[in-house]
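Listed after this line are the structures, all set down as structure tokens.
In the two assemblies presented below, chain A is common to both, partnered first by chain B and then by chain C.
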Partner chain A sequence: MTTISTIGNDRVAGILLRRSTLVSALVVVAALFAVESLGSRILVSLLTQAAIVSLLALGVGVLTRISGLVSFGHAAPFGLGAYGAAWALSGGSALPPEAGLIVVVPLVAAVFFLVGLVVSRLEGIGFSMLTLALGQAVFVAVSKFRGLTGGADGVVVNLPRRLFGLSSDTVQSPYGMLVLSVTAIGLLYVELRLFELSHLGRLAVAIRENEERTRFLGYGVRALKAAVFALSAAVAALGGVLYALYQGFVSPEILHWSFSGSALIMAILGGSSALWGPIAGAFSFFFLREGLNELTSHWLAVLGAMLIVVTVAWPTGLSGGVETLLRRLAGAAKRRDTQ
Partner chain B sequence: MTALFRCVGVGKRYGGVVALMDVSLDLEAGKVHGLIGPNGAGKSTFIDVASGRTPGLGQVFLDGRDITRTPPSLRRRMGVSRSFQRTSIFPALTIRDQLELAAHGVGGENISELVGMLALEPVLDTRAEEVSYGQQRLVDLALALVGNPRVLLLDEPAAGLSVAESQALAAHLEEIAERWNVATLLVEHDMDVVFRVCHVLTVLASGRWLVSGPPAELRNDPAVIRAYFGSAA
Partner chain C sequence: MLINALNGLVYGSLLFVLSSGLVLVYGLRRVVNFAHGALYMLGAYIGYSIAIRFGFAAGVVAAALALGLVGVALDLAIFRLLSARNPLVTVIVTFGVMLILEDFVRSVWGTQNYAIDPPQALSGVVQIGGAPFPIYRLFVVAASGVMAATLAGWLRWGRTGLFVRAASHDPSVAAMCGVRTAVIGPMVVGLGAAFAGVAGIVAAPFLSLNPSMGSEILVLSFVVSVIGGLGSFPGAFASAMLLGQVQAFGTVYTPELASLLPFLLMALVLVFRPQGIAGSRA
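Now for the complex of A and B:
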């Protein structure tokens, strides 16, 4: 029998050295160079916004993919990440700006771990409604506490001249932030894949598949469910930090339920059968919105209709569709070889 | 011999309906105790309460220690394991992955032995949803056996299996009880399996204890025949 204990290490090496991972990384780098050479500010700006918000969609997607839970309130960790960054850079944390920024994401994750211990007792629509209520509670709280958050007027982010060795001009330039956010997405992608392949990742999937049986295998499940909720919140919070650095301004609208809804649409559009699904969904959403907006002011209605079509025809989203297509192509190639 | 696993006055009410009332039984190491009765007799309810799946009345002891309020995850780590009436596995995980998870949860080191005994080697790297129903039932049993449990509560393990598969399962259950010295409670409708592997039987009817004793004696007990066996006995 194959040695069971050694399989985990093989998988870790496998994901990093897999041809598809390396090719994808090269394509992304080449695309970044191509975008720069095109010199289109509109394109770069659109890509940058999509890249930042794709972290929010990825947070929503990670939760769905690993825990099978649908969040209607992930704008909350995204917004708290953004407000946290503004707070850290304003000197409010009594830490140097870089150190302050570094603690924002773990802090948001810690808060959402505690929240997760409560909300993850529910499943299905109950969980979704609770996250919606929590998200709106955070939105209202931030809107009301003017002294701390600037209320509905928002707060300006005091970006220092240099941050982690980068000039503030680079951080706030569309292309500079695009490179920064794509790098963050790449690193997160690898880390999330490693988590999925780890013992804890498989245990989280086991809980999603059959929570009761997991308990009867000797595991307490509540802490891990909360940890996955916190992980997904941390991914969204990182997007919020990048958003604050790029925009230089944070207001409560990024905490509104409609922003959570948009992220959910992106995640559904991209699908959760692959980790890259929500990222692809976010980029598709931004380009669709841009394209449809030029055609009609009722772009949201058209997008809604498209979402219905995708959900019915391709329930696994873009990523599921692409994976099915690739499987069919691989199957056809294999059949050709054997003939 | 002192009972390893003791259930005293186990019962369960759903509102005003009494599903199970005041049932007591002892499980001894290396012995298979059959729990039989017609549909609705309360057999699965008994296992659910005894395993901690659902709260109920009465007390449950392991090695003299009261574990009535111990959560299922901790009971499993203490050596009380169970299978389910409906196959309860992880469809999207490979069989290897779920056995590894089980081993990690209870600190088990007997995966290779289980895989060999239950002939799961050919499907080890196959997702559970892609293997046959019979193999899924074996995976369910394997998950319950990882880590050499001291007490095994089996809820209709032969349900849906062919005659040949049921006989193979019976052989496994005999081997498990004897070789691993496991105290087994077997809820089962397949009487061939029950009479082959059980050392003692308890019969339930309408949620109440009817009679207990060696299978050979109960086979001819008029009350049991009336309540359960009918003309098949």
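Now for the complex of A and C:
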């Protein structure tokens, strides 16, 4: 990284003012209002869970999209974010709760930057195997150190009455958390989009396409690869913090590799051709599971079959499908105009 | 002391038999089978069901045959069809296969634990260095040794083994020289799966059967592969043996840390030798 360019204000404004961005933001806000007045409690709580976990899926998806790496271990940063939040609020930390909460995500990101320096030496299948093993290592460690983490019993999150001016009832009510997490997703989405368009973001993509050539161009690649890994971990960790605040309870279950696997499935279902793919994947995952639970007890098998079909036959996933559809519609509209 | 080392040897040989299936498939298809742990589990359950009716030996044979067939099907339906695609696609597909197999095991056998006794002839203990040691565990070491030696000998001196090595080295040139690579694929994957199945039923008498046994062993066999270097038999052997000892002595001397030691070992290897013990920098 010889040069670090900052993004001009005009580009920020450009993204924020693009018509599609404005329209999507309006649709999301309208949907939130509609859900508040029309949605059942079950729907709201389902949406809230999906929104929180979609951050984990987004973390996995960002790594796949930018670095082309498939992680089977992203439950680790999610879970560490959740445990970090529980610790920050436990009174056991030196920092006041709110300051503690703020440092959790950067702390997890810093740890995963160091991990990234090592694991990003492997690529492809080796990386996937390694993330699975490391994720499981964190699971085992957290389950073992009972004194610090409560072991398999988990820890109760000691939520103060007020947090950043919000009452704890708001944070733990499904609708309150839904608004909070959707806001977080929105802000994060803009930020990630800016990163993708920045010099560093494009350099990261260049590394994915041809690492050796990028090195020959005179760029240091290792730190940037680790940084993208850390970024994806930070996104997942933020999800973990929200999870801890909402559930009020954290147990090692959220560190188990099957949770990483689910997140990966969400990211694949959503596809990586658009940044919002994994988010859409997470919401579809939760709705599918809810719908199928009534029909069959073979959710795992359905999930496996779905994963195979999507991977083989429909690699661009939901986001790819929607983008193709939009392009077709735009093309049809253009043809109609010229006639 | 000696007993610990022996226990480590038992566990290490089991890990090696399992990992050699992974290595075999990786060598030919350049793909890591994430369903390998599920195959091990399936072998244990199928073997268990046959063994309680027709005896232990029948259970082992049934597990080997059934899993061999599953392996052949896996190669024909997945590995060969996807061989032109990015290996990661195949990895994700095998992950899907794993979920399906896990669901299958859960719905056929339920989620409870099963235990099975070792066969009559192999039950009982022997005195080793003044301490009792189950005969069955010695049998596990012997059986794994025979399996590993047969595989190595077959690959090294057998005519078909030569073809397998040729096809692993360069499938298209091997095919041009008249090696029927279309037959080699199902054979190798079937063999790898059968190894996993046999490992499953052989391990059943001293590890209990449950639906999460597959993923637990999968993670460990990945640790073996990462430490040993992907796709290397000698590497897998060395790291499986090392891991077996680490596990055995760890359980005795640092019971708290024992289950973390394999991962610590893996982290150390990664920092200092990312290509693994026997891996070459490709």
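General remarks:
Please note the rule applied: the second predicted complex is superposed on the first by the 326 of 339 C-alpha atoms of A that agree within 3 Å, B and C clash if a C-alpha of one lies under 4 Å from a C-alpha of the other, contacts with A are read in each partner's own complex, and residues count from 1 in each chain.
Everything below uses one rule, namely that contacts are C-beta pairs under 8 Å (C-beta built on N, C-alpha and C of every residue); 3 or more make two chains touch, one makes a residue touch a chain.
For clarity, every value in this text was computed on a predicted model and none was experimentally measured.
Aligning the shared chain A places chain B and chain C next to each other free of steric conflict.
In the superposition on chain A, A:Val103 makes contact with neither chain B nor chain C. Touch criterion not met for A:Leu194: it reaches neither chain B nor chain C. Greater residue coverage of chain A by touch, when chain B is weighed against chain C, goes to C. Within the superposed three-chain model, A:Leu292 lies out of touch with both chain B and chain C [touch as defined at top]. By the document's definition of touching, of the two partners only chain B reaches A:Leu203; chain C does not. Of the two partner chains placed around the shared chain by superposition, neither chain B nor chain C is touched by A:Leu43.
In the superposition on chain A, A:Val111 makes contact with neither chain B nor chain C. Once the two complexes are overlaid on the shared chain, A:Leu163 sits clear of chain B and of chain C alike. Shared-chain residue A:Gly218: touches chain B; no touch with chain C. In the superposition on chain A, contact of A:Leu32 is made with neither chain B nor chain C. Of all C-alpha pairs linking chain B and chain C after the chain A fit, the shortest spans 11 Å.
Common to the chain B and chain C interfaces on chain A is no residue. Chain contact summary for the complex, chain B toward chain A: residues 51, 53, 71-74, 76-77, 81-82, 84, 88-93, 96-106, 111-112, 115-116, 121, 124, 143-144, 146-147.
The touching residues of chain C, when paired with chain A in their complex, are 31-32, 82, 87-89, 91-93, 95-100, 102-104, 106-107, 215, 218-219, 222-223, 225-226, 230, 256-257, 259-260, 263, 266-267, 270-271, 274. Taken in their complex, chain A has these residues touching chain B: 1-2, 4, 7, 199, 202-203, 205-206, 209-210, 212-221. Of all residues in chain A, only 70, 72, 118-119, 121-122, 124-126, 128-130, 132-134, 136-137, 140-141, 144, 257-258, 261, 264, 268, 297-301, 303-308, 311-312, 315 touch chain C in the complex they form.
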